[in-house]
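You will see two complexes here that share chain A, one where it goes with chain B and one where it goes with chain C.
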Partner chain A sequence: MKKHQKITLALASATCSLINVAADVQAEESADLGDWDINAAVLYYTESDRVSAFEPVISAKKQINDDESISLKLTLDSLTGPSANGAVPGINPQTFTKPSGSGSYTTPANEAPLDDTFMDTRVAFNASWEQELSRMTRMTLGGNFSKEYDYLSLGVSAVVAHDINQRNTSFTTGVSFSNDTIEPEGDIPTAFGIMQPAGSTQPRQTSSDDKTIIDVLFGITQVIDRDSLFQVNYSYSQADGYLTDPFKVISVVDGTTGLPIIEDATTNLSQVVYENRPDSRAKHSFYTQYKRNFTGDVLDISYRYMFDDWEIASHTVDFRYRLKTSETTFWQPHLRYYQQSEAEFFQPYFVSGQQPAEGSDNFYATSDYRLGEMTTYTVGLEYGEKYQDYGWSIAAEFYLQSVSEPSVKVGQLAQQELYPDVDAFMLRFNYDF
Partner chain B sequence: MRLIIFILGILSITACSELGVKPWERNVLARPEMSLDSAPLTSALDDHIYFSKEASSGGRGFGGGGCGCN
Partner chain C sequence: MASPCEVLVDTRDYVLAKKLVHIAANEAWRIEQKFSRYRNDNVLYHIHHASGARVKVDNELALLLNFADQCYQLTDGMFDITSGVLRRAWTFDCSDNIPTQQQVDDLRPRIGWEKVSWQQPFISLPVDMELDLGGIGKEYAVDRAALLISQASDIAALINFGGDLYATKPPMSRESWQVGIESIGGLNKTGVIQIKSGGIATSGDARRYLERDSIRYSHVLNPKTGCPVEGAPKSVTVASPRCTDAGFLSTTAMLNGKEAKSFLEAQDVAYWIQN
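Let's turn to the complex of A and B:
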């Protein structure tokens, strides 16, 4: 009976369209009824001179009976280190007020300004319940909770997968809803309000704000032959509410010299205004993945095209090749290429006199490089060992972000690098109990 | 939405019906490493990194979010 159950689970697993919902669907071959199938991983991420993150995660799945399972996942995320505040470099040192408004930090001459007060810890908990509705139909219901010092996210999701054609074809449809609340240090800045010296009253509007995100997903998974299968997904994401980054600012510079305008000569505070983004965003994604076995080796390649109503479009190609070196060991190289166009309201800096008036809620601008024209590259290598009862792997990856410089840079900005490359190193360890 | 379901339905009835294997031919496809998301924790960690560093997210699954990092 138990063997029969395992075969049933294996067949279900092979044809299941695996959707990355709250608690991810695990490979089910090793799941015995009543036992917890536990996986753990820890990630160390570090950027040169910028952010570092340490992120342990553990997940557990229990097969309650033949057609029902529950999954739980706990994630911790500890971040520390400076991040770009959006201002341009200058030929003199520049001072900026911390988000709290009670202190300041100084950026050396000719360097991209980094806010070194950035530090946060996140706790996330996901739970999901998978139930077979009929012989060919499965449903997964999920719930997500994520809490940071200044951020709370609550979400629910539902996914239904239906198999036809002797389980060679699977249709998947899903919907998720989340409600996020942000209560940033120093409150929510007024759109295009001018940063004031530490200790002075800052341009602020409210203490907190929120946003809602609704995602809808349709997918089809098709088995091609004994060694290969592919998946095609379309997803739509609608975000409404506060989508601005309360910590990002935009420099105001002299139209001839390109020098940052001095807001306060006593403290050497540069004139910067707080950014403002639209309060809605609609994203469309097309995703396709192909997987093929070559006598034990596994090719895994995917492509994603995304576009949104902020005029951002992106291409992502991901390639992995799992090279089986023995019955228990493997090596897996990983390459990823990502390219995005800039948001229509991307604005590296304002020429003095052209910046919107404080409180111009209907004008949008950001200098956040993550919404600029950018190309990123990931190169990684993983080594793993897998045995009957357990397995482990270790991976090292290098990640490079290359951001395009503005086509027009006035005065001294022509000699400055507004968006220097960001390179990061990642080390990940996985253990399957 | 109906159009998408219709297109997916047509695809499955026509081209896709020529593809596939018999139930007893699934020994390779049933291996854990042949799952479309064979390392869910790795995918989740990667998605979180890229979500916080780039303007796109999701595709394989839902768009993610749940953190103030972007």
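Let's turn to the complex of A and C:
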């Protein structure tokens, strides 16, 4: 007698999802297959006294035939406003030369120097094509293009997802490659070159440089029961090439007074050197997510741990709860906590005489707050309405970023805040056609 | 549902009883209207008349199709919602009207769930093929009606749609509901099943068979051969937490023919076989 397999467990989970989930379904829509599903969103982001961004996004998805679909996404970004240049505040006003080398800006006394020439517009375009390879396997191939005034990024990606166990378990493998070219206004600065007054010759090397990034991802998604699922991902990212920020500088200060050295007395130019970062970075990241449906409400929590060979390690905890307030409306609070340690070459300032010589490519230092010890908090609330044919939502988020001050601050720096807290407000409007 | 349906409600409150019975009846009519292949105003009709084009289906039908897909996987293709076209050759009217091999072979290319493209929410059905949710629909309606009744009231109810049934909880006056199994095919004794809660479904029918040269052909057709399953019991009744599971298990047991008993034995469920 043939041995029969026990199928009652798989069957019970199959009928569970069949009987209970179908509850709200009434209306029958027949197919209108030529249609694109279109989503439009606008994001407005503003940091107090700093950068603000306006970002419209339009995305569209179309089913080509039974097992094939195509998605397109167009993003426009316009950024304006000042951003921190990396130098320390002083008790006197300080002057800095603009990246172009042809002008200057002055920072008032006791304020963190901000480069107010920052303005950029970005256009990004993504296209992806999803194809069913077999009954249980899907493949997505994608390409992206992003262009800013001084920056070009081109990338390709491939992801394969395979379902097993009555589609209760899904494995995902993906790889992506991108090549970015930067051609900054005023060329690429020489490592630790000293900023010169406007109009003078600046320490520059080439006019452009590039980097490549390879990402690999492995993921498992497991349906636990009819209302919950769990996901685990590991990803590895390898970046090679020019990873330095050409616009960031590091102050050189007097070892006793902590005052920025004056490089040029006639213009009040402070002595700052251009930063330099390693030309490779390997990141490992582990991500877990749990989602659960409570009769219409949806809980979504995730945690990410990342570490890299710049000795930055970070923890991200994200919490969302989507509260269904009626058949068509929802509220969704959002909380996010992020904490990172500083890069091993993080250097808020140099004491005069200790800065590396111009052109020391093998020495690394940055004062960029994004590589410092940092904690950020996000609190947000979204409200949305969803109907059969369309939906919209509006979300507001408040963001607070706090960067740790250096443990040792010489002279006047002890009275200065090198990394003041930054708060930002974000508003996003979303419309689904 | 093409068969008598009843709902027993354990209460003295006439208004409540009437309300609960209406809930069950409305749900049964809704499901029949929506998924019957005999109507020309529902999504099934659109799918059948799309000439192979893709049709977008709503969430409820998507769930039913996913379930049918899982049934197909679990049975290695024996449980197949595209096998309904075989009825064009086989009419189980107790006669000796056996189709020729040619008639059966002509239909076989039109069967096979693997030929259907189902990528939620889009389905496209090759021309000449048909979907028949009859093998799932009645049990699904029982479970849905039971769910709606339990959401409306916590009173015990027994839903019986043409022999497929579900008890929400035991009646107040006794420990369980008593359900009789109809004896078929000359068997004299009639069984009684005691059920506290859960689903019961029966596959097999005393009034649907063919007989020629003393060979009795059961109405359960093997989608792979296009012919009745040999050695299948006259009827299989299964009890399971849900009526839909019970219906699937009883049908699959029949599809296993002589192996029906060992199949059910492996499933750890209560069952009754009449040979």
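The rule is simple: the second predicted complex is superposed on the first by the 401 of 433 C-alpha atoms of A that agree within 3 Å, B and C clash if a C-alpha of one lies under 4 Å from a C-alpha of the other, contacts with A are read in each partner's own complex, and residues count from 1 in each chain.
Heads up, the rule we're going with is that a contact is a pair of C-beta atoms (placed from the backbone, for glycine too) under 8 Å apart; a residue touches a chain by one contact, two chains touch by 3 or more.
Note that the structure is predicted; figures quoted are calculated from it, not measured.
Shared-chain residue A:Glu132: touches chain C; no touch with chain B.
Contacts of A:Gln166 after superposition: both chain B and chain C are touched. When both complexes are overlaid on chain A, the residue A:Val156 reaches neither chain B nor chain C.
Annotation for chain A, partner touching more residues between chain B and chain C: B. By the touch criterion defined above, A:Asp67 lies against chain C but remains apart from chain B after alignment on the C-alpha atoms of chain A.
Of the two partner chains, neither chain B nor chain C is touched by A:Ile261.
Within the superposed three-chain model, A:Ala396 lies out of touch with both chain B and chain C [touch as defined at top]. Looking at chain A, you'll find residues 10-11, 14-21, 24-25, 27, 29-30, 166-167 touch chain B in one structure and chain C in the other.
Looking at the complex, you find that chain A touches chain C at residues 1-8, 10-12, 14-25, 27-33, 63, 65-67, 132, 135, 166-167.
The part of chain C that touches chain A in the complex is made up of residues 34, 42-43, 46, 53-60, 63-64, 66-67, 70-71, 73-74, 114, 117, 119, 122, 124, 140, 143-144, 147, 240-242, 244-245, 248-249, 256, 259, 262-263, 265-269. Within the complex, the chain B residues that touch chain A are 1, 4-5, 8, 11-12, 16-17, 19-23, 25-45, 47-50, 53-56, 58-63, 65-70. Residue ranges of chain A in contact with chain B, taken from their complex: 10-11, 13-21, 24-27, 29-30, 39-41, 43, 45, 55, 57, 59, 73, 75, 77, 79, 120, 122, 124, 144, 146, 148, 150-151, 153, 155, 157, 164-169, 171, 174, 176, 178, 180, 182, 213, 215-218, 220-227, 229, 231, 233-235, 237, 239, 245, 283, 285-287, 289, 291, 293, 298, 300, 302, 304, 306, 310, 312, 314, 316, 322, 338, 340, 343, 370-371, 374, 376, 395, 399, 401, 422, 426, 428, 430.
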